[in-house]
Amino acid sequence: MTVTLLAHTDNPSKVVASAARLCYSASRADELFDGLDEARTAEFLKKLRDVGHMSPFEHASFTFAVDGLSRVASHQLVRHRIASFSQQSQRYVTMSSSRESVIVPPTVERTPEAAELFAAQGAAAYMAYERLIELGVPKEDARFILPHGWTTSLMITMNARELHHFFSLRLCRRAQWEIRRMASEMLRLVYDAAAELFVIAGPSCLTDGKCREASSCGSPFKNIEELLAGAT
Amino acid sequence: MTVTLLAHTDNPSKVVASAARLCYSASRADELFDGLDEARTAEFLKKLRDVGHMSPFEHASFTFAVDGLSRVASHQLVRHRIASFSQQSQRYVTMSSSRESVIVPPTVERTPEAAELFAAQGAAAYMAYERLIELGVPKEDARFILPHGWTTSLMITMNARELHHFFSLRLCRRAQWEIRRMASEMLRLVYDAAAELFVIAGPSCLTDGKCREASSCGSPFKNIEELLAGAT
Amino acid sequence: MTVTLLAHTDNPSKVVASAARLCYSASRADELFDGLDEARTAEFLKKLRDVGHMSPFEHASFTFAVDGLSRVASHQLVRHRIASFSQQSQRYVTMSSSRESVIVPPTVERTPEAAELFAAQGAAAYMAYERLIELGVPKEDARFILPHGWTTSLMITMNARELHHFFSLRLCRRAQWEIRRMASEMLRLVYDAAAELFVIAGPSCLTDGKCREASSCGSPFKNIEELLAGAT
Amino acid sequence: MTVTLLAHTDNPSKVVASAARLCYSASRADELFDGLDEARTAEFLKKLRDVGHMSPFEHASFTFAVDGLSRVASHQLVRHRIASFSQQSQRYVTMSSSRESVIVPPTVERTPEAAELFAAQGAAAYMAYERLIELGVPKEDARFILPHGWTTSLMITMNARELHHFFSLRLCRRAQWEIRRMASEMLRLVYDAAAELFVIAGPSCLTDGKCREASSCGSPFKNIEELLAGAT
């Protein structure tokens, strides 16, 4: 899987800090922006996040390209409704079997028999897909036989508030491993681009010191470095 | 595929008509509701739909159960963001191969060789799924090898405005056949429950007399009966 | 202010409980609904609320009529984006001064001088409104001179998940008094209609035992009866 | 009223064009972006807009500061739900009467008697507001007596798809004059920043050659220059 940060709102931290100041200030909206230096911005954003005043975070938006994600994970991903997605269409694009076309879960990879069976079955499915197309089946119907783990590409846009929500759910150790890995890459990228906005981020064990899952994993995160190190 | 209308807002037509009247009336909100008989409601709703004043339609909500939909179609379905979905989880529920477990597209079914190949490949994929689980792979990972056409069950709630939007896109002859079939069942059910709300419904060829697709199918719908007759 | 529950999804508790069961069950969606008696439903919903699995609550929807709310409060109210509103238009409806046309805040009412000044100023503003209309100013422009506390009527639809969110914010003692009073009426109405869905509801002091405000009021709620008793 | 474009997604046109290409291409998401020059981008975006494929426009986001808008207009503005708003709070900020504190509609301004009455009444309302505060009424309650036309400041973020929707409604000659003026400023700003995204924009008389209002104004727009020239 490759995750790239394609674009984002200019000056994301300053934009968010200004929006928050606007609510409580008699100054003009177009003046608030100028008065903010880096230190004040950082301090201000930390306070916002602390007291849960999240709406100003909506004004900064981040756009990612994702390649090599399974359609299992993308099905789950697009359930996030406060987000924008553009996804490669299997109705219009013929699937090829070059590169890594099917995502192999780590739990499959580590058992040789499982890995072999999975690979053989993936190859057979692709051959069936190709044969169906030769037999006149449209590709949008032939794809019904491809494995659910087949890869896809997407463009994703989320604002910083939704990213915080996304990270709180999808960086939890109980999240599905693939979406968690993706979330971890996304956090790393936005942290590089606008650390002030994401100093406090992640599942509730880290941000609130309290697990909100039905049954806890028992291994709370201790700091954001653990999250940035990637899902393992 | 089976689609059932599980529940909906009481008196959906009257609720929508009252909301619309409220905007232009000096009466109290709790009195508007009483003054509406069936004929006035129907006439009023038709006018709303005609002039495109759709926001009052949001006050009536409809909940459906869907069984036997492929995950190909459900992936597409959940892209609708102004809707609520609950879907059977492949992380927690072990897939069984009883009943029709994989959706066979009509274009596959009508060619014997294609149908045989599809069935054989579907069966092989399920056997691989079972074997992976025996080998200790969690079901959430084993499912990566199941065909994308595997069936799922969902509960869907949409309000009448979103249903109109959904019908305009998904009842078009260019829509993917399975989601179109589902949309057709949904229209039939809500039309039975609250015809006044859905007298004018469907793709733009029917509602506006004008195709909005990039390339037209050339067969505009002529009346709602054609839509209610089902997707063919 | 009068708040009325105009309509809601049939069997709201059963619908929500079924949606939740669907996620973890191999049964068909259209069968889940039948197997639920009242006791199981109640127990199931309590568990959902406890572990924060809120998405199934979206399937039940509630529609209210509100009369006699100030436009100060309605401006705040319509910031809730996962909701549907129809509001009396001041562009099309001429405001009359019959009944209680301007909302008088309790803090004004309790000081005689303040109450008198407020009443006189409200009356003068209405006279100016009428005179402007006589002078040919359209009512949509004449209203600029009416007090912000002028009353309005609305129809509101929210699903049970959004209602929970709304109650958590707007039943807090720090919420604006008028919207809090409205939220309290709404809770009373939905609690009567579907107690199982709202047994646990309200600000975080009550539901989580922990205040989430920037500065706490110091008087946490102890039980839902306190909330149902109304805002005081 | 002053409208400023505070920030936006980098390379907004390229981001949108890439997202659209992704749907129909076998290339990787992170490669699409590089291959686009200005001419291809412009041509591609025009085609998208023509066929109504609007979802890629969601990936580009624009943030505005607005000063000197009436709360009449802001109440209407915040009904747009696919947008982010931060607004100056009248609970926390004491209103001052410096500068133009109340918006005077042009229809009031052009009749001397109306203008005088409006000004006198606005001043009296502000004096009442100040006196109420002296009498111990909290400012969040004293504001009930301020005119609805009192000014406010906001920060607004909308993506390009929602902006197109906003422009189609709010640049119509039938739209309320103040929000129409604001929309016109916004269009001018985004057109300067990313003309390719907004070459086709505005009410349906201009974009579709067909009025969608209940009763037409009879003066369809002929070209975007008319819109950019401002609301008159």
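Every chain is named by a letter (A, B, C and D) in the order it is written, and numbering of its residues begins at 1.
Keep this in mind: a residue touches a chain if its C-beta (ideal position, glycine included) is under 8 Å from a C-beta of that chain, and two chains touch if they have at least 3 such contacts.
What you see is a predicted model, and the numbers here were worked out from it, not measured in a lab.
Relative orientation of subunit A with respect to subunit B corresponds to a rotation of 180°, obtained by superposing CA atoms and rounded to a multiple of 5. Summarising the inter-chain layout, the chain whose CA centre lies farthest from the centre of subunit D is B. Distance from the subunit A centre to the subunit B centre is 27 Å, each centre being the mean of its Cα atoms. Separating the centre of subunit B from that of subunit D, both taken as means of CA atoms, is a distance of 34 Å. Looking at subunit D, no residue sits in touch with two or more other chains.
Listed in rising order, the residues of subunit A touching subunit D in the complex are 2, 4, 6-12, 15, 18-20, 22-26, 28-30, 32-33, 55-56, 58-59, 61, 63, 65-67, 84, 86-89, 92-94, 96, 153-155, 157, 159.
Interface residues of subunit A, counted against subunit B in their complex, comprise 70-72, 74-75, 78-79, 81-82, 85, 90-91, 102-105, 107-108, 111, 113-114, 117-118, 121-122, 124-125, 128, 131-132, 135-138, 140-150, 176. Listing the residues of subunit D that touch subunit B in their complex gives 51-53, 212-214.
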